[in-house]
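Here come two complexes built around subunit A, the first alongside subunit B, the second alongside subunit C.
And then the complex of A and B:
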């Protein structure tokens, strides 16, 4: 269904929803302008029509929608906002000394770029902007509409070559404000890049982030997403990835510390023969709610997907995983596996997991699995019988559990700090 | 002919049970109104409580919307174009089978369900339901000796009103969903089973549902109660004639298992599924749910779903009793334009509850076969366990196999394991079998049978044979 048609279909529902919070808020946004003007108009129209997400929307059925309402109370962060800033010590050490670091804020200035990196001109950007979103049918997603409505500028980078310095993008936050940021990243054919996203959140800051990635033929991207929140911070992010022939995309995401965090991953393998690896770890405590929602569509043959999503939930927190795999008729000889593993460590915590396979091609290997368990008593007993106290034994098991994912983050050899930080929280 | 074509031809066998019995029937006028609900109730001489139940359900139904979340894509039903009650004329239930219209007996004979004394299946009591009414129930007296009640629900309403009033609508509330509410308002007949304390039912009980008229909806209601320390195995089969129009079947099944009771409920569903272009066929919207109320009680659903143009069915277990057990074993075969959205819900409430789900889906032609399930661990389901396995087999590149398992856990000391896979008939395996002198058709049949073996093993012997035959039927034939 096209966006417009869907919007029309939504019209009848509009009256039923409480749209007033969003209407007032949308009216308070700066007037649409610049390169993203058409996106801003479209996003605001979508938000006005759709209002807040409803629990009847499949993507939101497990979520606490009251927290989303709070987003509509925050003013937009701008160039003039007071950003939290961060010290080098707050960030994990970069993987190499020649890392290119961007501190991504609304209204950020451009900076000089090393060899292999260039900004995409406005004219050329029209070829890319929104293209991957259209392809992945994510246009009508509420979180995409939110970013469309709010983001005023876009950081667009082209990367070409091999043996490039790794790229680090730090998403800064401003207390009591919603920072809407948008990035387009184009990897030319045969390019290899390591990209680390670090998302920071403090007090009641909020992020809306939209990242479009275009992987050319035989390009490969090793992508880390480390999102560490604090206080009542929230983060809603969409990663939209379009892969060409024989490209490889590997994502390692780690989320912790957010009152509300939603990471949507939309991957489309355009012409097949591509490989996607999605690894995720989400740790929740107190009343936090973290969601990973991935959709992988194979639009060509011989595509490959390896997905492993892990979660640890304690206290009264809520961990959600939704994983969609779409294998249409053209995607013969697809090989896709998905595994959702969850540790539920408290009786008040909640885990929801919903894998979803839609398969039409017949010559495919597709499997998925899901487990929700606690720490194995036998393993705890084994360690205790060797003199390790129960707290240490628990921490050791949790470390091992998290290490499975964190080891793929491309930070310097001090990754154990990240693990300690996560385990310490739990 | 390529092996792919042969396989596709194999699964496209004509429907054997599509004949119509020419029998004079009493039908009420089309459409549903409060008067129609009252009329059905009065035709069945029902007590006041049941009329109230029906009217409440009807009022709820009017407020409800037909669900569309399964995206089954069927053409909208006109609920005013359906006849809600049809019975063979002079529907007074006969005391002896000798008095039953021979045409009816012949119909059930043709379906392989012999009701006449000399041909009766040994050790299986049968309740035969034709359109809206129960025609005959066999072995009633022998069962009564043990205190087992097995009769049509209409008879139970009059003969055991207290039991019916106590349990009806307690597992599937009258406003549970759109189709359950419709059924609660207009249900015509179905089976009633009551197994008293400590009794192990001496024979399998079986109901056979036959839709004969193209414009009549079938709304049967089944209620099974197993008292403490009792057990029963219940079998259900369904067929319908071939019509170009779609016929609605909206059934409700409620099971109640008390302390240490066990209910095994098996279904072979072979309603007419429409032709290869998707014309005609039964719309099968069924709500089946069992409650394990007692400790160490057990409810086991086994189903073989091969018919219906649309299937919307999720036999569920609510595991309340401590250490109670729920099981779901399912084979769903879809072909041509069939769409099946089926699965189960295992709701773990009590501590130590266990559930097992084994679902096998086979999709051929342009069909779509979805598994949709929910496993939920409540806060008190300490040490509860679930294991789910969903496998799909695709035959041809136009069929779809979808899996939507929902998993929700609110208990740290419970464990859930789910695994699913999708495959097709392996050419290597086919070649291996053929190279050893096994014909193509037989080889495919063996592989499908092997794929479904986990489920067939759970079916009662008579049904396992029938299910195997049914799949073989769909697979036998035109090897070129």
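And then the complex of A and C:
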């Protein structure tokens, strides 16, 4: 869709909506400037035209749209904001001593980098910035527009080689503010990297995060996303991944504790023969709402996808999964599977799940499915028949259910703590 | 191993039970003393497995009438976990797979709940590993199975060995083994049976539930009971199992029917 046509489409949508409550907030943002100026202008224009997401938008139809307004109650964090300054004790220990840790915040200073890592220069960055977004469905995402509108700087890293230290990125925030952060990560051909994202939310704070990843030929990235919120914290994040020939991308995402968390995953396998693994766990309680929205498109033959998204919902919480697999004609011999498994543990909790396949190619192996169940009575009885009380049995079963995903996170020593935190909450 | 002065471990009186409003047990009477091995045989649907589930406290089964006394306690008033802690063990016909739950951790939690009941000290991870590695030899099970999720991806034989390992760790007073022989090849059957024989002691008792005589060639029962239509209709010694193997259940039912008519 051309820019003009798109704007007209957005205008026609605006006629059907109330005037965006975000206009004042947008006007309060700092004047566009710097490397991201064009993105800021474009994002703000999109937000003004589109307003807030509507329930008629397929991506948002299960969501409580009132929660989006929470984002616009908060001023934008800046270099002068008082960040939480997470101490080492508050953070999960690094996966190994051989780890590069970044605390990512608006206006962050650059730090020295070990061998194999380098900053991408401004000139070179133009080759990448927004490229993966333009080539994926993320281009139309409201949350991408939000980040475009707000993010003032971008952290851009190039990684080259194997046997590299793992990379940890901690997304920092400030109480009572919205932290908008943007990262570009380029893995050169045949590079292997372990990357852990840690997103921690304090009460009354928000994250808007946009991550573009470019995987070169035969590169592989093992990516962990651990997002633990608290209080009224909200988090809206887009991961946009572009995979070249024979590359491998494995994501393990864990989300819990957010009043609103939306994790959008957009993966495009450019030239085929690549592999994508998406594992997700979302645990909701009280009135929390957590969404995972993934789109994987195969733009070449013999691509592979393995996806398992798990959820546990209790109290009056709401868990949402939307998964799209797009297999155009060029993607012959694609092998893709997508499964959404959900535990609904309260009468008032809600699970919405929508796995979806769009297949044009005629020689493919694709499957998808969803289950929404309670804890298995036979599993509970088996444990009770071994002397384990019903409460302990339930906890063990939940632990096992979550462990299935959490075991892939790289925080070796602290995995059990993460599980205990999650189960303790439930 | 029968000893006339033995303590009564289990006494079932006129037990009636149903599942989903379908009456299955219709008046079971059975008494088991310490040191005894009992075998319950019968056709499919005769109520054998229901009896085992009712004794273990499965929530899907409803007791409509009758009494079960275990070591002087009203067993039916107890939760499944309480029954286990005081010494009732059910070896499942189809052990459940529990993905994500470590077999070792599961065994440790289960063992400690029994030890707590017995007033023994709970075992930490290291002490328990020593215990489990000594007991695992009894069933010739590969210790690698301890590191896996409970029963996940185990073969039929491995699952049954895992059941007997649990029996060895929990040291129950009464072990109810529901079709422990099903799905086992001859070698695995011998290993499992040898484990059970090793665990049979004068102070405990075993209730074997089986279709076939082949298990009873390996574990010699003191009593053989035949169930039909939710009742124990005949009790005898080992010779009864051999006769059933030779003549089939039809023989017994015809005999019972002719006795009734006369």
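Operating definition for what follows: the second predicted complex is superposed on the first by the 422 of 426 C-alpha atoms of A that agree within 3 Å, B and C clash if a C-alpha of one lies under 4 Å from a C-alpha of the other, contacts with A are read in each partner's own complex, and residues count from 1 in each chain.
Criterion: contacts are C-beta pairs under 8 Å (C-beta built on N, C-alpha and C of every residue); 3 or more make two chains touch, one makes a residue touch a chain.
These numbers come from a predicted model, not from an experiment.
Q: Quick one: is A:379 in contact with subunit B, with subunit C, with both, or with neither? Answer first, second, both or neither.
A: second
Q: Subunit B or subunit C: which reaches more residues on subunit A?
A: More residues of subunit A are touched by B.
Q: For A:390 in the superposed arrangement: first (subunit B), second (subunit C), both or neither?
A: Second partner only.
Q: With both complexes overlaid on chain A, does A:332 touch subunit B (first), subunit C (second), both or neither?
A: First partner only.
Q: Considering only touches as defined above, state whether A:361 meets subunit B (first), subunit C (second), both or neither.
A: first
Q: Answer with first, second, both or neither: which of subunit B and subunit C does A:344 touch in the superposed model?
A: first
Q: Kindly classify A:26 by the partners it touches after superposition: subunit B alone (first), subunit C alone (second), both, or neither?
A: So A:26 meets neither subunit B nor subunit C here.
Q: Return the residues of subunit A at which the contacts from subunit B and from subunit C coincide.
A: On subunit A, the subunit B and subunit C contacts do not overlap at all.
Q: Subunit B touches which residues of subunit A in the complex?
A: That would be residues 58, 62, 329, 332, 342, 344-374 of subunit A.
Q: Would you tell me which residues of subunit C are touching subunit A in their complex?
A: Within the complex, subunit C touches subunit A at residues 56-60, 79-81, 83-85, 89-90, 92, 95-96, 98-101, 105-106, 109-110, 113-114, 117, 149, 166, 170.
Q: Report the residues of subunit B in contact with subunit A in the complex, numbered from low to high.
A: 69, 377, 379, 392, 394-424
Q: Give every residue of subunit A touching subunit C within the complex, in rising order.
A: The touching residues are 376-379, 381-390, 392-393, 396-397, 399-404.
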